[in-house]
Each structure stands twice: as C-alpha cells, then as structure tokens.
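Given below, in the form of structure tokens, are the structures.
Heads up, the next two complexes both have chain A, just with different partners, chain B and then chain C.
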Partner chain A sequence: MILAAAPTAATATAARAATTVAAEHHGFLSPTGVEIAFLLVGLLTFGAAVVTVTTKQLVHAALWLVVALGGLAVEYLLLTAEFIAWVQVLIYVGSVVVLLLFGLMLTRAPIGRSPDADSGNRWAALTVAVASAGALVWVVVDAFRTTWVELDGAASGSTEVTGASLFQNWVLPFEALSVLLLAALVGAIVLSRKAKADSAAGGMKAAAPRVPGSRDGEQDKEGVR
Partner chain B sequence: MNDALDVALRLLVVFVVFLTFPLIVGQTEHKVMAHMQGRLGPMYAGGFHGWAQLVADGVKFAQKEDVVPTGADRRIFQLAPAVALLPYLLVLVVIPIGPGEGAVGQVVDAGIFFVLAVMGVGVLGSLMAGWASANKFSLLGGLRTAAQLLAYELPMLLTAASVAMAAGTVSLPGIVDAFRWWWLPWQIVGAIVFFVAGLAELQRPPFDMPVADSEIIFGAYTEYTGLRFALFLLAEYAGIVVLCGLTTILFLGGWHGPWGADGLGWVWTLLKAAILAFVVIWLRVTYPRLREDQLQKLSWTLLVPLSLAQIALTGIVKVVIA
Partner chain C sequence: MHLAYPAVLAALLFCTGLYGVLARRNAILVLMSVELMLNAVNLNLVAFDVWLSRAARDTLHSGQALTLFTIAIAAAEIGIGLAIVLAVYRNRGTSDIDKLRDTAEGHGPDSDAPAAEKAEATA
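== the complex of A and B ==
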C-alpha cells in the first residue's frame, strides 16, 4: 500500500506545475465519463491492493500487486500523465514485481495456502499503513485543494511537460534523489563484498550467521507436515 | 463514425500482422535452419516447399487435449499464455512502418517507454507458467527467466535512452524522422547491445538457458500442451518480429533509404526487419548455448559498460554539434 501510494504523491507534485486552477467550471455532482472511469479504476485498484495484503497465497499476493500497480498506471493515463504511466509499468510491474517473484521462487513459493504467512505484527502494520495513508491523503488534499487537471486541452503530463518541469523546477530534489539511490547502490555492493570476504576468511565464523536461516527451514518442514 | 471505423481498421490490420508475421518468421526459420544444416526442411504440407507446415502445426496443436496438471495452480496456469502473448500485440500497435499517420496503429507520445514497459510485462507470463506448473523443471526455468530479464533489461533501456537522447524525443516516429545516415556509425555499439539484449529477453538461442532442453526439458513451458503451448511459441516469434521492428526503427533508420520518401518507405522498414530476423535465425544455428554464469557475466561486465559508454558518447557528440 505504501509502495503504491508513494508515486502518487510524487506525480501529484510533478503535475502541480502543469495544472491550472479551474475549479469554477467543475462540480462533483456532474461527473464526466473520464471521471467515472477514474473512480471505477480506482475502486478496482483499491480492491486489488486489499486482496494483495489479505490473500493467504504468497505468489497470488505478488500477482495481485501487479493488478494494483497496473491500475495505478491506468489512473495516470486517465490524468493524461502518459510518461509517468509507462514509467510506472516499466519500473514497478516490469522490474519490482519480477524481482519480488524471483525472491519468492528462490526462497519459498508453495502452491496453495501458506499458513505461516501471517505475521503477529499485522495490527502494528495496519496502524502504520493507515497512518501513512492518512498523512499522504491529507498532504495531497491540502496541497491541491482547488487544482483541477484540464483533461480536454493539451496533455498536461506529456513527456515534454514532465521533463521541463522536472529539470527546471524540481532539479534539486531530483539530483538529491539520484545521489541517495547511488549511495544505496554503493552500500549494497559494499555489503555483498563484505559478506563474501567473511565467508572466505573462516568456515566456522561464516557458518554462524546462517543458523537462523536453517532453523527457519526446519520450521517450514514442520509446517508442511 | 468515421473515427471508429478508422480505429477498427487499424486494429484489424495490426491483428492480421500479429497473426501472420510470426508465422512467416517461423516458416523461414524452418527452411533457413534446414538449408544451413544441409537438410530440406518441411517439403510436403501445402505442396510448394512445405509452405503450409505451420498451418498444419497450428491445426495439430488445436486438436490436442488441454492438460492442466493436478498439483498446478489452475487459474494462473491457464492465464499465463495470455499474459505472455498479449504484450507483443500491444507493442505492435505503436511500431510505425512508414512516414505519416497512416503507417502506424496508434502514435504514442512516449513510444520507447511504452514499448519497453509493455515488453517487460510479457516475462511475467513465463514466471507465472513456471511457478504454477508445480514442477521443479518449470520452476527452475522460471527462475532463469527472471534472472535473465533482470540482467538484460538494463542494457536495453540504456541503449534505447541513448537513441532518445540523440533524437531529442521519445516518440518512435519522431526518432526515425530525426535519423541521419551518420547515426549508424555513431550508435552502432548501442544497436548491437540493444539487439543482443533483446535476443536474451526473448530467450532465443544462444540465450535459451531458461528452456534448455538438455537440462530442464522445456523450462517454464514443460507442462503445457495443445493450444496454450502454441500460444507460448507464438509469443516467442511475435517477440522476434517486435525486436527486429524496434531495432530497425531505433537504429537502422526505419523507412529512410533510396526512394524511401516516395511512398516506398514501408518496403525499407520491412526489408531491414526481415534481414534482422534472418540474423536471429542465423545466430540460432551458429552459436552454442551460453551457460548461466556466462550469460550473467556477458550482461553485467560487457553489455552494461558498453551501453554506458554509448550514452556518454551520445552525450558528448550531442553537446559538440549543438
């Protein structure tokens, strides 16, 4: 859920520069076809997101996540943010979910229900999710109170507009994010190299951290029985 | 009304292309492979040099029983072929074969991103098939598919970005319009990297580790029979058509060529794509299969640095000529 909500805020920020204040012409009681479609796709996305976190089947959860992320891409399209929509599909559906499925298949991906998939922390997780969703909705509503995306005119989210606003108005946050990602990348490489050096250094010491993992494996077998 | 008719007609043409071009590539592969190996290939079906062999294959596939293994996850198992095949149909809609509005299904503003994003979704079909089959070989095949995709998506994106930088646009017709002959030497490294990465993404030999028959039978598709199996095969050949078309559009100048502006541009596009498809088949006959570690090494230590170098070169030249 948080994963899905984060890009929304980012897009909303990016779209602000390109939208016009035209609240006078619109009313909530006379929706257009696009608005109805937006609402329906939104409901579908929400439903898929809920199933993602409630289903007992691990791989099904990942596949429902695809539906939720794809629904989000359709929402971007309906808001004429075409570039963001394709990037959403490319990054989230094409890479993040594939990585997720890869990880699931490498570790454990049983067909059917996984009884141990429920965590005891679910109430804490629910609280955090609701709180962050509330905070995001509040921020977005507060920031874009009377701003409307003009759907009939020129696309306000085309690649040209998005690029111009990103590299003219928002270039500093963009660069800061790039540096952050670069730091994460370098950190990941350092961590993986360190683990390799450790395992090469001594057999006994390197075997020690693996014990919790193997114990998990035993629990899996018991669960299956 | 006219608009609706126009859209329907375009979609119909794209659909017909989607159904025929992969079969033409498949038949060519039969014959070219056979002649390269000193055989004749299919000679009987349809009479003239076995031209109807793939039609006969299709009829055979349709007649077979559709089996779903007992232990499999039924719905996902049955859904997977559609997920693998449909993205290529969507991609074909936006590939232009000639100048102007008439020669493309639908102009998309961010064409490159659309194409690469939707092609990435197709791999989900293989992953779903590999997991839902409840078969060790299928799961291994699915894993190899995912690892291969993660490795080769990056160089493909980077080289496509290089062309977009050169053209100053991400729209496919816009890129071909901006093409000049000297782009060919300028972008040649990117072109090769893009083509190789595309081959790997399609799991074509020599990158067919995920379906290596001598090790894991047929990878993610081991449990499939009949029409669903045929859909996976069709997805592979549709993928060849899409990859060759894209390489032509991005790197080989699409409809540019002698008399290209006089209404014969589409012939050039198809000719260039056909030559590339021939190269795809040629590579299959020529090279042995890469081992899994060689495959990963090729991408991360060769293709990614090469594509980064290409981006740097593109940027430098772009600044110098600006």
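== the complex of A and C ==
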C-alpha cells in the first residue's frame, strides 16, 4: 500500500505545484477585463433565460428569449468565436424566434397574462432543476478549477479558420446536413398542409371538430382582452 | 479566462431549460426551453474548443464545427416542431400538452370529453 501510495502522493504534489503555478500566473481573485465582461453578460443571459421560463405572458417569453440568445452571441464573441457569434445572431435571433412568434400567433396564444402557463408539477420541476444545477455546477467547478483558456493572440474562431476547418475536415457532415435540412423542409410542408384524403373523403366531418375549437379559441381571446 | 465561467453558465442555462421543459404547459414554450438547452450545449462546445485549440494545439476545430451543425439541426427541429404543434392545434383546438392524453395509460377524470371528441373526429 505504501509503495502504491508513494507515486500517487508524488503526482498529487506535482499537480499541486502546477496548480499553484497556474494560480500565481493567473490569480483567482484578480479577474481580467474579459472575465468581468463575461460574468456580467452571463448574469444578463441567465436572468433573461429565467424570465423566459417563468413569465406568464407568452409573447414576452419569446422576447426575453431574444435577450438570452443575443447574450450568448456576445459570450461567443468574448470567447473569440466570431463566426459562431454571427451565425447565432442570424439563425437564432433572426429566424428561430420569429418562427416561435409565428407559432404563438397561429395558435392564438393569449396576449395578456395567462394564469395557466405553468402546469401543476412546477414544484417537482423546480426540485429537479435545482438538484441537477447543483450537481452539474459542483462537478464542473471541481473538474475545471485549475484550467485556464488563453484568449490572447489570433482569434481561434474567425471566419477564415472556421471555414478552412469546415471545408477541409468536415465536408461530408456538412453535405449530410444539407440533405437533413432538405428533409426537414419537405417534412414541414407535408405536416403543415391539410391531408388530401381528409378534405376529399369527409370535408364536412373533418372540418366539424375544427370549427368549434377555433371559435372557442376566439372567444377565449376576446374574454382575455 | 477561467474555464469554469463558461462551463458554469452553460450548466445553469441547461437547468433553466430543463425547468422550462418540465413546468411549461404550452407546447411552444416547451420548444423555447429546448432551444435554451441546445444553446447551453453550444456554449460548452465553443468554450472547450477554444481551450483545446490553445492548450492541445488542436487544429481540427471539432467543437466549432459541431456547434454549427447543432445550430442547423436546431433550426430544422424548430421547423418540424412548430409544424407538428400547428397540426395538433388544427385538429384539437389547443396546444396545451396536458390535454393531449390519448396515449396515456391511466385516464384522469377529464378523459371522457377528449375521447368523445376523438371518436367524433375519426368517425
């Protein structure tokens, strides 16, 4: 046991020495400007995300999601991943949120406060979320306590670097991804148009359950207003 | 930069999205929470890619390439998801996922009305 423990102790000492060197080199209690900016934007992003999942007004949730996703784009910029940041702005802030707002409007989501936005199991959900957050943060902080990212020098995520690596090493997944996007496009069209058999065989019968539903929706909306 | 900053932020965002998926009732709000979870994973991928490209001289940039793929797949997912939600809304008149209990095993007290509605719809 002692023989086995000796090398472990030696490695532990070496690791501790490396840790102290790293800590002296960087310093835990003297954050750099990038770290302070990252922390502030991160707090904003996290707050916007929390408001997104807790607010009672459905449209406001989509608008707070814009703040959270834009904050993440700023975080990517601070991590010197420029291309990802602009893709994030274009795709998430530009199109995904617009799609979500379209969906909210098309399903006649109430404009004002809707008291039944959260389901009955929100306390169980809160317990699960807080427990997993605690476990994840503990594990992550414990694992990467002494790891530092060097952000000086050339940007590691500029458009040139990302494009070169994407089209030199990742061409086949890129092409497969374009096929997947095509399949998603066709699938969305097929899903969202009315089934031809329905409209041909029983137009009245198929339309009958829909009409009261939509009328109810309108009445709900007027009642909310 | 300390690597714990982006890692902790990603963990917190992921758990926020987890809460949203479990607690929200509207299907579109659940999709928004799924987007939050995907973005947390993207932040992790970017942070670790930047770290590895400096510390291990990794020139493959697999993290950033995977982030781009994740963003594209998330866009496809939101398109398909919204199409499904709209189809459900057109057939049922609601996008409340608590009321879509056709495949539930133990029916609750309010199971008669949706069952009758479904029978009417399929008749």
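By our rule, the second predicted complex is superposed on the first by the 114 of 225 C-alpha atoms of A that agree within 3 Å, B and C clash if a C-alpha of one lies under 4 Å from a C-alpha of the other, contacts with A are read in each partner's own complex, and residues count from 1 in each chain.
Convention: a residue touches a chain if its C-beta (ideal position, glycine included) is under 8 Å from a C-beta of that chain, and two chains touch if they have at least 3 such contacts.
Values in this document were obtained by computation on a predicted structure and should not be read as measured data.
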Have a look at where A:L106 lands relative to chain B and chain C in the superposition and call it first, second, both or neither. both
One more residue to check, A:P173. First (chain B), second (chain C), both or neither? second
Contact breadth on chain A, by residue count: chain C or chain B: C
If you stack the two complexes on chain A, which partner ends up touching A:F83: first (chain B), second (chain C), both, or neither? both
Does the superposition put A:G187 against chain B (first), chain C (second), both, or neither? second
Please indicate which partner A:A133 is in contact with in the superposed arrangement: first for chain B, second for chain C, both, or neither. second
Touching A:V66, do we find chain B (first), chain C (second), both, or neither? first
Which superposed partner A:L58 touches (first chain B, second chain C, both, neither): second
Output the chain A positions appearing in both contact lists, the one against chain B and the one against chain C. 83, 87, 95, 99, 102, 106, 109
Provide the residue numbers of chain A that touch chain C in the complex, in ascending order. 26, 31-32, 34-35, 38-39, 42, 45-46, 49-50, 52-53, 58, 61-62, 65, 68-69, 72, 75-76, 78-81, 83-84, 87-88, 91-92, 95-96, 99-100, 102-104, 106-107, 109, 116-119, 121-122, 124-126, 128-130, 132-133, 136-137, 140-141, 144-145, 147-151, 153, 156-157, 161-162, 165-166, 169-170, 173-174, 177, 180-181, 184-185, 187-188, 191-192, 194, 205-206, 208-210, 212-214, 216-217
Within the complex, chain A is touched by chain B residues 71-73, 76, 108-110, 113-114, 116-118, 120-121, 123-124, 127-128, 130-132, 134, 139, 142-143, 146-147, 149-150, 153, 157, 170-171
Per the touch rule above, chain C residues touching chain A in the complex are 1-9, 11-20, 22-26, 28-29, 31-33, 35-36, 39, 42-43, 46-47, 49-51, 53-55, 59-62, 64-65, 67-69, 71-80, 82-87, 89-96, 98, 117, 120-121, 123
Going by the contact rule at the top, pick out the chain A residues touching chain B in the complex. 59-60, 63, 66, 82-83, 86-87, 89-90, 93-95, 97-99, 101-102, 105-106, 109, 111-112, 155, 158-159
